[in-house]
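There are two complexes below, and they share chain A, which is joined by chain B in the first and by chain C in the second.
Let's turn to the complex of A and B:
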C-alpha cells in the first residue's frame, strides 16, 4: 500500500538505551490521523494511554514527538509539530514551529522523530539521512540560543537545521520552548522542559534527499502556484507581520493583554509596528523555508550598551513581554523578547507568569522579601532580572518556572491563602497561559468559548468555536496542525482539502474532516487531557471555564464595561460539546467513539464518566 | 555564437533576499522534477539571522572549473555562457570545487555528477520563482562585462561575514 507525501516511517530514538530504530507507520494510520498533532496523539495514546495518569511529563517515560505531516514541504509555509505529554496541561499539545528541520526530516527519509527515555549525560541527536547518532553535547549544554547556533556551526563545520533548547529547557522550566533558527519557538506545551528532562540539547537534521512523491504531480504544482500567488499578495501582512497587532489589537479591537489583562486597551501611539519598523528592523521581510508570505522580521535594539536581537517581535511576544508587563517602550519589549528567545523561554507563557507576579507584587500578595527586588509595571531592569531568574530557577523565579497555574497554587501555599484567592489573578486555562487575544470586547477572533473548551487550554492557535463544522471550530486547528501547515499561509477549506488530495490521494471531504478525521484527533486529545496527572487533574465542571479575569468588565477603552458572562460561556461550552458528540462533561460519548473507530477508548471514557458521577 | 555582452546573468540583491529558499525549490523542480533542496544548483546560506546569502555559479570570465576538470566533463555553453556538466564524463573528483573561488559546484546523494547552474538555457527557474513571490532578490540582467562578477563567487561563509559584519558583532 503506497503512501504519498510521506515516507511511511519515523525514527525512534531511545536515549536511555541508545537504541535507534525505524518504525513503519501504516498508510491507514496516516489516513486516520493525518500526521503531526494527530499522529502524536495516536502514538501517545497507543504507548502511554493505559498508564497516562502516572506518566511524569518530565520523566523518561514521556515521548517527545517531532512530526511533519502530509502537507509539510509541499504546501507553502512550513511547520513541524512538537508534542508529547505536556508538562503544562498534562494532556497532549500539538506545538507548531516554523523550522528548516521540518523539510529536512523528510529529506532524510523520515516523517518524524520519536524520542523516548532519558540520557544520563547531555546529548544531541544528529541525523544525516540513514546515519543517526546520539552525540555528546557537553560543549553545548548551558549555552543560550545565539551562542548555541554559533557553537554548533563550529562543531559541524557548517550550518545545519536544528531544534534546540536554551538554559530554560535544561532547567526543566515548564514555560520553556523548543527553539529553532534563533527566534522561532514551539512554546505551547512546555516541550523545552521535556527535552531538558531527557538531557537532550538539540536535534540536528541534515536530510539530503528529495521529498517523497506526491499522488498527482501536475495538480499539486498547479495548486501550489495558485496558493503561492494568493499568499504573496498579502502585502501588508508581509510588510508588518503580526507586529501590527501591537497597536491594532490594543487600540482598535481592545483585546490585548495590558498589565496582566487588567486592561485590554491602550492608546500608546508609539507602541506600534511602524515605529519598530523605522527604528529597529534590520531585516524586513524575512521568511521561513519555502514561504511566499515572509511575515518575519529581524529587529535590533541597544539598551545600556547591550545589543538585543529578536524577530518582529511578533504580536504575541511584543504583547506579552510589552503591554502585559506595562512595558510600552518598544526597544524594551524587543530586549525582553530577545532575552526570552536566547534563554529558550516561551514568550507567551513567561510573559503571562511574570505579569501575574507583578500584579501580585503590586497588590502586596508577595513582597520584596519573596522576590529580592522590586517588581513594577514597566520597570525594565526588574522584569529582565525576573525573566532570567525564571530560566535559571533562581529565587522567586523558581516558583514562576512552574508556569502561572502551578505558581498560583504555590503562592497560595506560601501565604496560607485559599488557592482561588491567588488563582483569580492567573490568566490561564488548564495550566496553559492564554494567548494574547482576549474575548471581552468581542471584537477579536476568539469566541467566548474559545479557551474554556479548547483541548490545548489557553493556546490561541487552537481555539474552540461554534459551529463545530467550520473553520471556527478547533477541528480546523487540529487539521492544520496535523497536515502540518502554517495557519498564516492557509486558505479556505476547499482549497486546503484539494491540496491535501493532490499530495496524498486520500480524497478526504469536508464532511469527513469535520465529522470524523479532525474530530477523532480532538476527541482523543480531550480524553488524554481529562485523564491528566500525575500532579494536576482537570474537572470539567470547574476547569472548562475562562480565567476569572475574563468575567471582569473591561475598565477602559471603546468597549469599557464589556465582558462575557459565565452563564453564556457555560451554555456555549455545553452546545459545543453537544455538537461534537461529547457528553455534558465534554467526554466523547461511546456512540461517538464507535463512529470514530476509537473502540479501545470506550473503557477509558466509561471510567472517566464514573469518576464524574455520571450515570 | 553570442558574445559575452549579450549573455544573461543572475544578479543577487542580498538586501532583498528573504532567505525563503523558494529558489532552491524551483531549481530542483526544474532540474530533478521533485522538491530536493540538496540537488538545487542555487543554495541559500544564513549564518546570521536576517542575512541570507544566495550562492550559485556566476560564470567567471576565466572559468577556472572548466580548466581544472581532468575529464573534460565541464564545458561552456556557447549561447548562455553557463557551465554545462556532462554526467557521463564527470567522475566526482571535485577538482572543479577546489578550483572554484566560491566552492560552488555541489554534490548530492544519489547524483553521480557535480551540480552547477546551467542558467536554465537563459530563463532561470529561480529568478522566475523569486519574482513570482514578489521578492525580486534575483534578477535576470545582461551579464556585466567586468570581472567584478567574481566578487559574487566567494565561499558563502566569507560572504556571510562581509554582509553580517554590518549589523552583527
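Let's turn to the complex of A and C:
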C-alpha cells in the first residue's frame, strides 16, 4: 500500500543501548492517526499503555517522540510535534514547535524520531540522511541557549537545524521546554525535562533529500499557491505577529493575565506593538521555513549594560513575563523572555509559577525566609533571580521547578495548610499552567469550557469548545497537530482537508475528521490523562474544572464584574462530553471506542469507570 | 436576506446570528467588518474564518448576492 506525503518510517534510537533502527509505520496506522500528536498518542498507548500509571515521565521507560505529519513540508509554515508522557499532566501532550528540523527530518528520509532509554553520559543525536550517530555532548552540556547555538555552529562548522535543551531541561525542571533557534519553544508538556532525563542535550538533523511524493501534484501545487496568497494577506499578523496581542488582549478584550490573573486588563500604553516595533525591533519580518506569514520579529533591549534578544516578545511571553508579573516596562519583559529562552524554560509555565509565587509572597503565605530575597510585583531583580533559581533548582526555585500545581501542594505542606488554601492561587488545570487567554470577559477565543475539558489541561493551543464538529472544538487542534501545520497559517476545514487529500490521497471527509479520526486521537489522549500516575491522578469530578480564580469577577477594565459561573462551566463540560460520545466523567464509552476501532482500550475504560464508581 | 451565523464566543458578543435585509449587493467581508466595528468587537476580518454554512470557503470577493448565509468564527486561536 503506497503512502504519500510520508516515508512510512521513523528512526528509533535507544540511548540505553546505543541501538539505532528504523521502524516501519503501516500506512493504515497513518490513515488512522495521521501523524504528529496522533501518532505519538498511538505509539505511547501501544508501548506504554498497559503500565502507564507506573511509567515515570522522567525515567528511561518514557519515550520522547519527535514527529512530523503528512502536511509537514507541504503546507505553508513549518512545525513538528514533541511528545511523550508529560511530566506536567502525566498524560500525553502534543507540543508543537516551529523548527527547520521538521523539514530536515523529512528530507533525511524519515517521518520522525523516537527516543527511548537514557544515556549515562550527555549526548546528542546527529542525523545526516542515512548517517545516524549518538555523539558526545560533554562540551555542550551546561550551556545556555545562545551559547549552545554558537558552540554547535563551531563544532559542525555550519548552522545545522537542531532541537535542544538549556540548563532547565538538564536539571529536570518540569517546566523546561524543548528549544529551537534560541527562542522557539515546545513548552507545553515539559519535554525539556524528558530530554534532560535521557541526558540528551540536542537532536541535530541535516536532511538533504527530497520530500516524499504526493498523491496529486497539480492539485497540491494549486492549493499551495492559493493558501500562500490567503495567508500572506493576513496583514495584522504579518506586520506584528502575536506581539499585537500585548495591547489588544489586555486592553481591548480583557483576557490577559495581570498579576497572577487577579486582573485581566491593563491600560499601559507603552505595552503596545507599535511602540515595541519602533523602539525594540531589530529584525522584521522573519519567517520559519516556507512560511509566507513571517510572524517572527527580533527585539533587543539593554538593561544595566546587558543586552537581551528575543522574539517579539511574542504575546504569550510578553504577557506571562510582563503583565502577569506586574512588569509593565517593555525592556524588562524582553529581558525576562530572553532569559527564559536562554535557560530553556517555557515562558508560559515559568511566568505562571513565578506569578503564583509573587502572589503568595505579597499575601504573606511565603516570606523572605522561604525565598531568600524580596519578591514583589514588577521588581525586576527579584524576578530575574527567581527565574534563574527555577532553572537551576536553587532554593525556593526548586519548589517552583515542579510547576505551579506541584509547587502549591508543596507550599501547603511546608506551611501546614490545607492544599486548597494554596491551590486557590494556582492558575493551572491538571498540572499545566493556563495559557495567556482568559475566559471571564468572553471577548477572547477560549470558551468557558476551554481549559476545564481539554485533554492537554491549561494548553491554550488545544482548547475544548462547542460545537464539537467545528473548528471551535479540540478535535480541530488535534487535527492541526497531527497533520502538523502551524495553526497561524491554517485556514477553514474544507480547504485543509482538500490539501490533506491532495498530499495523501486519503479522502478524509469532514464527518470522518470530527466523527472518527480526530475523535480517536482525543479519546486516547483522554484515557491516558485519566490514567495519569505515578505521582498525580486526576479525578474528573474535581479536576475537570477551571482554576478558582476564573470564578472571581474581573475587578477592572471595561468588563469589570464579568465572570463565568461554575454551574455554567460544568453544564458545558457535560454537553461537550456528550457530543464527543464520552460518559458523564468524560470517559469514552465502550460504544464510542468500538466505533473508533479502539477495541484494546475497552478493558481500560471499564476499569476507569469502576474506579470512579460509575454504574 | 443575508445572515451571518457566529460560533463560539463571537456568538456571546453578537448573538448566534445577525440577519440583514439589504437593498444592494455588498461585499461580504466589508459588511462583516462594518458589523464588527458597529458592535465594538476588536477584530479585523483577517482574524476571522468566514465560510459557507457547510464549511467551504466563500468565493473570493463574494457579495451578499452571491451567498445568503455565512458561518463566522475566530481564526487565530492561540499565540
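What we mean here is this: the second predicted complex is superposed on the first by the 615 of 615 C-alpha atoms of A that agree within 3 Å, B and C clash if a C-alpha of one lies under 4 Å from a C-alpha of the other, contacts with A are read in each partner's own complex, and residues count from 1 in each chain.
In this section, contacts are C-beta pairs under 8 Å (C-beta built on N, C-alpha and C of every residue); 3 or more make two chains touch, one makes a residue touch a chain.
This is a predicted model, so every value here is computed, not measured.
In the superposition on chain A, A:242 contacts chain C only, with no contact to chain B.
Using the contact criterion defined above for the overlaid structures, shared-chain residue A:420 touches neither chain B nor chain C, since it reaches no partner. Judged by the touch definition given at the top, the superposed model places A:603 against neither chain B nor chain C.
In the superposed model, A:288 lies in contact with chain B only, and not with chain C. Shared-chain residue A:467: touches chain C; no touch with chain B.
Of the two partner chains placed around the shared chain by superposition, neither chain B nor chain C is touched by A:511. In the superposition on chain A, A:181 makes contact with chain B only, while chain C stays out of contact range.
In the superposition on chain A, A:491 makes contact with chain C only, while chain B stays out of contact range. When the two complexes are superposed on chain A, the residues of chain A that touch both chain B and chain C are 233. Contact residues of chain B toward chain A in the complex are 18-22, 25, 28-29, 32-39, 45-47, 49-51, 108-110, 132-135, 167-169.
Against chain B, the residues of chain A that register as touching in their complex are 73-74, 103, 107, 129, 153, 159, 181-183, 207-211, 213, 217, 221, 225, 228-229, 232-233, 238, 282-283, 285-292, 294, 297-298, 300, 307, 309. Against chain A, in their complex, chain C makes its touches with residues 7-9, 12-13, 41-42, 44, 46-47, 49, 51, 54-57, 73-79. Those residues of chain A whose C-beta lies close enough to touch chain C in the complex are 233-237, 241-242, 245, 248, 252-253, 295, 314-316, 435, 437, 442-447, 460-461, 463, 465-467, 470-472, 477, 487-488, 490-495, 510.
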